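To start, the structure itself, in structure tokens.
Note that the chains are named A, B, C, D, E and F in the order they appear, and that numbering of residues resets to 1 at the start of each chain.
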Amino acid sequence: MKDCKTKDVIWKLETNVDDCSGELLGYVMELLLDAGAKDAFYMPIYMKKNRPAYLLTVLCAEQDRKEMERILFRETTTIGIRRTQMERTILPRQIRTFASSLGEAVVKVCCFEGETWVYPEYESVRKLAKEHNLPLKEVQKLVVREAEESLNREEINV
Amino acid sequence: MKDCKTKDVIWKLETNVDDCSGELLGYVMELLLDAGAKDAFYMPIYMKKNRPAYLLTVLCAEQDRKEMERILFRETTTIGIRRTQMERTILPRQIRTFASSLGEAVVKVCCFEGETWVYPEYESVRKLAKEHNLPLKEVQKLVVREAEESLNREEINV
Amino acid sequence: MKDCKTKDVIWKLETNVDDCSGELLGYVMELLLDAGAKDAFYMPIYMKKNRPAYLLTVLCAEQDRKEMERILFRETTTIGIRRTQMERTILPRQIRTFASSLGEAVVKVCCFEGETWVYPEYESVRKLAKEHNLPLKEVQKLVVREAEESLNREEINV
Amino acid sequence: MKDCKTKDVIWKLETNVDDCSGELLGYVMELLLDAGAKDAFYMPIYMKKNRPAYLLTVLCAEQDRKEMERILFRETTTIGIRRTQMERTILPRQIRTFASSLGEAVVKVCCFEGETWVYPEYESVRKLAKEHNLPLKEVQKLVVREAEESLNREEINV
Amino acid sequence: MKDCKTKDVIWKLETNVDDCSGELLGYVMELLLDAGAKDAFYMPIYMKKNRPAYLLTVLCAEQDRKEMERILFRETTTIGIRRTQMERTILPRQIRTFASSLGEAVVKVCCFEGETWVYPEYESVRKLAKEHNLPLKEVQKLVVREAEESLNREEINV
Amino acid sequence: MKDCKTKDVIWKLETNVDDCSGELLGYVMELLLDAGAKDAFYMPIYMKKNRPAYLLTVLCAEQDRKEMERILFRETTTIGIRRTQMERTILPRQIRTFASSLGEAVVKVCCFEGETWVYPEYESVRKLAKEHNLPLKEVQKLVVREAEESLNREEINV
């Protein structure tokens, strides 16, 4: 893995929601992610007539935009969806599985300017924390430590 | 009403506000909407020097942009306003008035992919709720129900 | 007006709302304030199942608590309302009307530790700003300035 | 079911978190709810040194308080947990299963001041929406409508 | 200073952060501003898996974009940064130092549509408030008042 | 250090602020902390008349309550401060300085149920990160790792 960055273009879709419940919005987030959204999230906003509301944002690829809009029009009460295109700088990442002292663990390895960083994969450390009845934060620390040692020892060219 | 979507382009104006009071910002929202903003809203943001602040956003048509900026420069303490253009996908809506069992009611009728949805107009159901001393949520439900029955019965081509 | 503080006791009612729309909550705030709430406000909260939600808070006197709960149970979908009693320290305030150069203006005068502060009443300065087509922030400043001069000149014992 | 309210007492635990990630906090919410918390939620707060942070709140019964504190001390980096006791007014609710036109559905039935309200159970309508490929909001509406008709028809004394 | 506005173009960088602590984010804001960001701020967002998270935004000039991205990749755990270009309308401002009755004070003077506004510079009024043991809000008011009188008296063409 | 928890009682002061700027509130937080507040923080709230506002919270000891109220009345525009007393469960912590490979470092050591956790002190790791031009997150990790090894090696009875 060279020390590199790549670039892509994504759509950012936005819509203000003041006439749906939070319960419904939690469901919609799940549908958007299942349908291929790169990300979907909510921000609290203050709207007219004293309305506490949310700004729903979806990040997606060009080929998924129509499907995302379809989900929003079908599932929420929105009647208008705004969009802009955004460039993105991305660090390449390598997903690596290794044998930690707690069992098989998955980490994400990134390089940037000659440095290598190891980030633990959530579902993997969550599983180990449950199995061993350990705090998640301790498992994250242990997995990163052992993954770093493993990378150094093997003089891996990531 | 065909099952269609239309597209337009709007401006999104943004400014960070950390030296106005919320009282003033409530007033400014009112001015912006009265002057033709399609929408105006606030988001809580965290700024430097421990400042709780707001991001003020205005959505408006090209012909209204100058007036929106004028209001912001005159009424708030901002000295810089950012902007981007956004495309929008919009569901056409038909505003329809009908005789509900509680009195005249207004609903918004939208079509999308062959389905027809009825959304109650806020000011209309608010008025009925006050007149009949009923919970707004019950009036919304009743108005939508009766509007849907009315649409079905009359086999309306919306 | 002596340099004093007084103390009272109020109820703080709270309920988490994840199955009402913001539109409905804007209406409920209005009902609560009309029914005598000392204050009513919303906070954005993050609930289970990815639900963006709100914590609704009402501050009220003992004699109004039952009515506030009645409004919440009738108008929202809540089925549980929490409450605690809070003590309060309050600065006495005097509402004073005086002739500003823009017309009659209303200010709130407070004393604390020998200092006197003048705060403009929102509805009063809002009216003057609209009448004279001036920025609200300039009217607030002018009204406070003239009220302070008036207090000094008359050597008023507030 | 009489038109009644009941009262209980719960603990409200609070802690400010500025040195945990959101990823960890999402996990902790799950642990707290699995361990019997009546509710657990986050609020965005502004802390010293420009820190965006969260106030974590747990609502729980007296017998569960120790376990909640144990989870917080073990899983987060907090070293202090505040608490107050709160009274609660609760509407009794009856969980009822009935045969809707889409299949078996579960609703919550509440009474207050002689009125009866029907609220759809999330997991139940979610399942029907997935099975029938219908918008959740339409399924919620249909289930409430049919449950209300069923309650009226049978002249049920809930 | 003519009554004018100018226009420029800036980059808006964005990244969602759910695996950093608020403590770290407070530090990163400081680094970004020290490195020349025009502004850097956080918004609370709701992400998948019940994660309370933040949207980090940086506003910067074209020539600083690479350095801002470098800071974000090095210091946070982000592996992707989105960006859009935004136009900006800016009011020219003149920084003016004058002798207030409390000591030397700095204000920002802006013109717009023939009106001149004076805004107090934070660090300057903060210093005076500390030196004289006065409330900051009173010092702000006094400094603006005296700066306005000074501008009028001298018939300054700002 | 025994595996223990202690208990104390603190005051929680609250006030809603809709007529101060964020700039002023950032200053007030600093004053409160300098005057001995255990913590001071803001929450975004939605108030009447479309006002984005803040709930200011101060946590303090009984002997500091009067001074906190004095700061709030003098520096903000509030005219009422609510308060409740809260119990607290606290983990004892030991501040320990040790020689890390990057230089002297300070950590907080806590015990709970037989486990020992090490948390890095922010100002200490911040200083090392600046001196060595390293990412703060890497310094935090290194300092914790070396502190844990040091604790284990010396078989310290913390």
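The criterion applied here is as follows: contacts are C-beta pairs under 8 Å (C-beta built on N, C-alpha and C of every residue); 3 or more make two chains touch, one makes a residue touch a chain.
Just so we're clear, the structure is a prediction, and the values are computed from it rather than from any experiment.
In this structure chain A contacts its sequence twin chain B using mostly different residue numbers, the overlap staying below half. Looking for a copy of the C-D interface in B-D, A-F or A-E, one arrives at A-E, which has over half of the same contact pairs by residue number. Of the two interfaces, C-E and B-C, the higher number of touching C-beta pairs belongs to B-C. Once the centre of each chain is set as its mean CA position, chain D and chain F turn out to be 30 Å apart.
For the pair chain D and chain E, the distance between C-alpha centroids works out to 40 Å. For chain B, the set of residues touching two or more other chains reads 19-20, 23, 27, 29-30, 42-44, 46-50, 52-54, 74, 77, 84, 122. Remark: chain D residues 20, 23-24, 27, 44, 74-77, 122, 126, 135-137, 140 touch chain A in the complex.
Contacts from chain C toward chain E in the complex involve residues 44, 46, 48-50, 52, 141, 144-145.
Looking at the complex, you find that chain D touches chain F at residues 14, 16, 19, 43-49, 53, 55, 69-70, 73-74, 77, 79-84.
Those residues of chain E lying in contact with chain D across their complex are 17-23, 25-27, 29-30, 42, 44, 47, 49-54. Residues 10, 12, 29-30, 33, 39-44, 54, 59, 84-91, 93, 108, 110, 112-113, 115, 117, 119, 122 of chain F are the ones touching chain D in the complex.
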